[in-house]
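Common to both upcoming complexes is chain A, partnered first by chain B, then by chain C.
Let's turn to the complex of A and B:
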């Protein structure tokens, strides 16, 4: 058991190191210069711009050789410092990110969990009868093949423009200041609904299709046939099939929860929803090295953590992994 | 008489038409009889075995009657068969190694299966333990997952499980095929032991391995291309077969004391017909050395000596 976990941990640390290095490299491969970019917006006089350029380059630590920058980056990272945002200068990246994360959680946790739950129930149900299967499965395929932003645009157009029932941008009305009142909560929920619906529908289709296929696979497995041959009622055969079919679905759930902090980039862009996805796009457009790094760092930690949790959960729910692991230590 | 099959015909539905895998099978299995069902791959022996217990698409019931203990089996109905399965008729499947749910402890699975059939698990437990002893499995297997057992152990566990309700007929489908010879012998002997201790009344042992049948079967029935060819007591079948196919089949087996370096083993020239569009009449006709005009009609499966049934016009003529 110990050896199993220490080996896993080593792999995770190695993955973290590599992923963060790539995360550091990627923005620096982008053509252009973030400081130049920032200054050009300020429209300074040429000589002033030059002075400011020198100052900011130093302030962001971009004046030292690239190797030194890399070391400085790790050093700062271990001190919990992700740098200062260029785009929202002078707010520290950590603060910018922490402001955006609640929106992601609020939007994504319900949509992922609900679409997972409903999709699995529905997929298992669809596998039950030919009639349902023939009507529901094509619908599921259409939904899961729909690009998020396209569905988002459709929903925004129909519910926001044609019916005028829902607002189509922001997390709350621009004329409101966040405070605790029923009016504000109602406003937030209204803004939340359309992005939520677009994420839910696409996720739902994918989960339902996945579950339907898994259930059919399990129902054709040898153990299902054996139970049938011994006259076990359908309910028992289905119960076993469902329990076994849901195992891979749990991996899927954990992985989608892992990228939660990445936000749903396109959906957030369509609805101008101020989560990390929206932030990431702005960061890329403004060549904000530090903010891009920060966003990706959240994603990396999220994915690794989710994987780690799955490893543990699998030990608890699937006896095959448990025995496999014990065989390894023995 | 424990099993009576009359004119049983089962086809496989395919897009290109029906595959006539089992045509007009009529035979009986006596109480306590271990009947070996032999034939080459694709001759319909597994189709026959499975159609008696779990007839599902693409298999299609065409006609025929099956009686077990003089009670008619509704083999055409998936749901209607349920009361008979496990209790009257049971199976040790070919896939015994994967027959148990991988994520349930064996004991728990057994309990859920029994309870679902309205049988009390606690009442059955002593008998279950006695049978585990019989096949030399420790009682600990009840607390194990299938993955923790070796292939042979899984096979024995499935044997115990399948016969737990003392079925009238036990279908054993290729149960020795995936095992090494010494394990084969042990499993085969266990099967006889099960019969002797009345864990099951009679056995239909499906295999392509005639040597196993020679050791444990009371009777052997040979099939060819979906039709029954011959059924006789094991000794008669091995030493004085009557059907031309059986004769060639037996003569193609190696014999003790003969050096096959000097004398090549004989095979049967030709290959079995496709059952999508089988030849009319006797399906062995095209490979048969003694075929004649009459063979264009399907020969009936008749008793030409006591307990010796053959489907061959030539043999009927000889006896007439």
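Let's turn to the complex of A and C:
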């Protein structure tokens, strides 16, 4: 057991190191110069521009050789310093993330978890009901195949404009000051609902289809036929099939939770909902090395952590992994 | 069920806490002046008074709030009036919180005293400025000549401040008493730039800034800004900035009280959402570019500055910069031929659906048209005329190739790219028109849209073929535009002008001559502009195409008396950074509430 984990841990550390290095490298390969972009918005006289270019190149630590920059980056990273955003100058990257990411968590965690749970339940259910399979499964296909942008706009138009039941922009009404009251909480929930519902619908469709197909596949597997031949009740066969079918779904869930820090760009655009996705896009367009690095650092950590959790969860839910590991240690 | 009940009890407890936060009355000591009868002195006596504490405001009254959008591009980052490039996100810091000495009215071309009461050149090298009396900072301190001197001196001390180059020709700034400031210059100062700075440098309070470090001044966040302006910072979050009226603003007696108690500046992630909000009347003013406004304005869904085309005021000139270091753009004949090959009418009518107007060939905005030399423009100007393109090119030795495109005189093929940043939809349409109409005229140009960063680097490094740029906006002087077009000297990185690297010392000298004409010498300015326009239209190193609009669509559901072509007021319907002191603040003062029945 210990050997299993220490080997895993080593691999994770190595992956982290490599991924963060690539994360540091890639923005710097992009064409363009972040300080130049930043200053060109200021409209300066040529002589002033030169002075300021030097000043800010130094301020961002971009004046030292590239190798030194890389070492400085790791050094700062271990001190918890992600640098200052160029696009959002002079806000530190950690602050940008702390301000924007909560909106994404608030939106994405419920939609991912609920659509996963409901989608899998429903998919498994649909697989054994011909009637449901013929009516609702096509709906699932339509939902997953719908361009998300279009679905979002449709929802905003129908519930926001035609029915007028839901607001179409912002995280809470533009005339409110955040405070603790029922009115405010209700307002936040109302603003949250449409973006949430759009993400839920799309996620639900995908999960349901995936689960349905998986169950049908498992029911056709040899062990299912064998069980049936032994005279096991159908419910027992289904139970076993479900357990096998849910394994890849769990991996998918963990990975989608791992990349939450990337935000939901299209949702943010359609519903004008705040979050990190829009800022990340702007950061990429403006070569904001530090903000890109910061965002992807958390994505890397998120994905690695999710993988780690899956490794452990698999030990619990998949006897084959357990046996394999025991065999290895034995 | 049990879980539900315990959840409910938490909620009940929460609401009890909420209720207990109700306002209470607190006793405070207030200082009042009491006139003692029979004596001439006034005694100050401390009297205890009961002041009801107002409940914290949780929801803004619609009738007190002005909702705007289209100025902030991202979450607010700082309140430092000297970090100019981030001000797009914190519109209001410059102009609402911090104030300039003068304001500028682009419609009449007048500089009007603001913090200053008056200012004049007492000699060619001395400028005397008198401040208004009773100016105050929002913390109650007086704003005096010392603050003005301090602010200008910062530019002398820290080269990283954008206005530090004025110290190339500024010798000293001295205060004389509380209200008088004297600026002393070297011989031949850059009058035009200085006059422009008079309404673009924002005065900061010495008593709060003098102990700050260089880093704090040039790059600090400056939380809780103390300014002298009509509004105060209230609050902000990821998608909005809120400013609240300064009820003790010094200008109330002079200019009037701005009508909205609060300004909520909203950042919409998509312009369509902003449009929906204006139509519903939830948003009062949108300064976003929205392509379909012509139709919506005709049908009365939104209001615009002009009731008819072009609907919008002209805010800046979209100029096609040609890279004069690359063949064939290094050939004036080719550049001239290209100018005749671009169908600007299609850009105006198709790409912009009539929201803009074609530019004057010399590029000056309509508000500066009095400086144009019409003779020169008539003689040397250009319009869309492909036949002219053909005759100029053939006259210069270009030959038509088998592929239907002209070849250079040495027989090499001509293949060029015209660029603009990806996602700038109106410009993307426009460069498509440029490419198509040039191709029809026999010049092989393709439209290419790189990412903003790559585009910007190609622009400043001079690796592009031809590209659009519009970085000279409304100004009090034609020098602003010509300084952008012909900025000198040519350097490796051209960060803010002359991107095509047009290297002509004669032109540089002409622009420098214009820069050093005193601003009250209108004839002198006209003569200098005429010389520039003559050389510009002869050589045509860049091609002015159309005027980008001061995008503004507004709703009269709550607020009325907007600035329009019919209103005589010196106001502009604009909330962009740099426009508060060019009519934006006046708009706030002029606005009136729509009476409710």
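Quick note on the criterion: the second predicted complex is superposed on the first by the 329 of 330 C-alpha atoms of A that agree within 3 Å, B and C clash if a C-alpha of one lies under 4 Å from a C-alpha of the other, contacts with A are read in each partner's own complex, and residues count from 1 in each chain.
Methods note: contacts are C-beta pairs under 8 Å (C-beta built on N, C-alpha and C of every residue); 3 or more make two chains touch, one makes a residue touch a chain.
Keep in mind it's a predicted model, so treat the numbers as computed, not measured.
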Clash or fit, chain B versus chain C on superposed chain A: fit
First, second, both or neither for A:49, with chain B first and chain C second: second
A:113 touches, of chain B and chain C: first, second, both or neither? neither
Chain B versus chain C as contact partner of A:197, first or second or both or neither: neither
First (chain B), second (chain C), both or neither touched by A:228: first
Chain B versus chain C as contact partner of A:244, first or second or both or neither: first
Chain B or chain C, by number of chain A residues touched: C
Chain B and chain C, minimum CA distance [Å, superposed model]: 32
Contact residues of chain A, present in both the chain B and the chain C interface: none
Touching residues on chain B, where the partner in the complex is chain A: 53-54, 56, 78, 81-87, 90-91, 93, 95, 98-105, 112-113, 116-117, 145, 147-148, 158, 161-162
Contacting residues of chain A [partner chain C, same complex]: 30-34, 36-53, 55-56, 59, 85, 87-91, 96, 99-100, 103, 161, 168-171, 173-184, 268-275, 278-279, 282, 284-287
Complex contacts: residues of chain A adjacent to chain B: 221-223, 225-233, 235-236, 240, 243-244, 247, 317-320, 323
Interfacial residue positions of chain C with respect to chain A in the complex: 14-15, 17-18, 56-60, 62, 65, 67, 73-75, 77-78, 80, 83-86, 88-89, 159-160, 162, 164-165, 168, 218-221, 235, 237-240, 264, 266, 268-270, 273, 276-277, 282, 423, 450-454, 456-460, 471, 484, 487-489, 491, 493-497
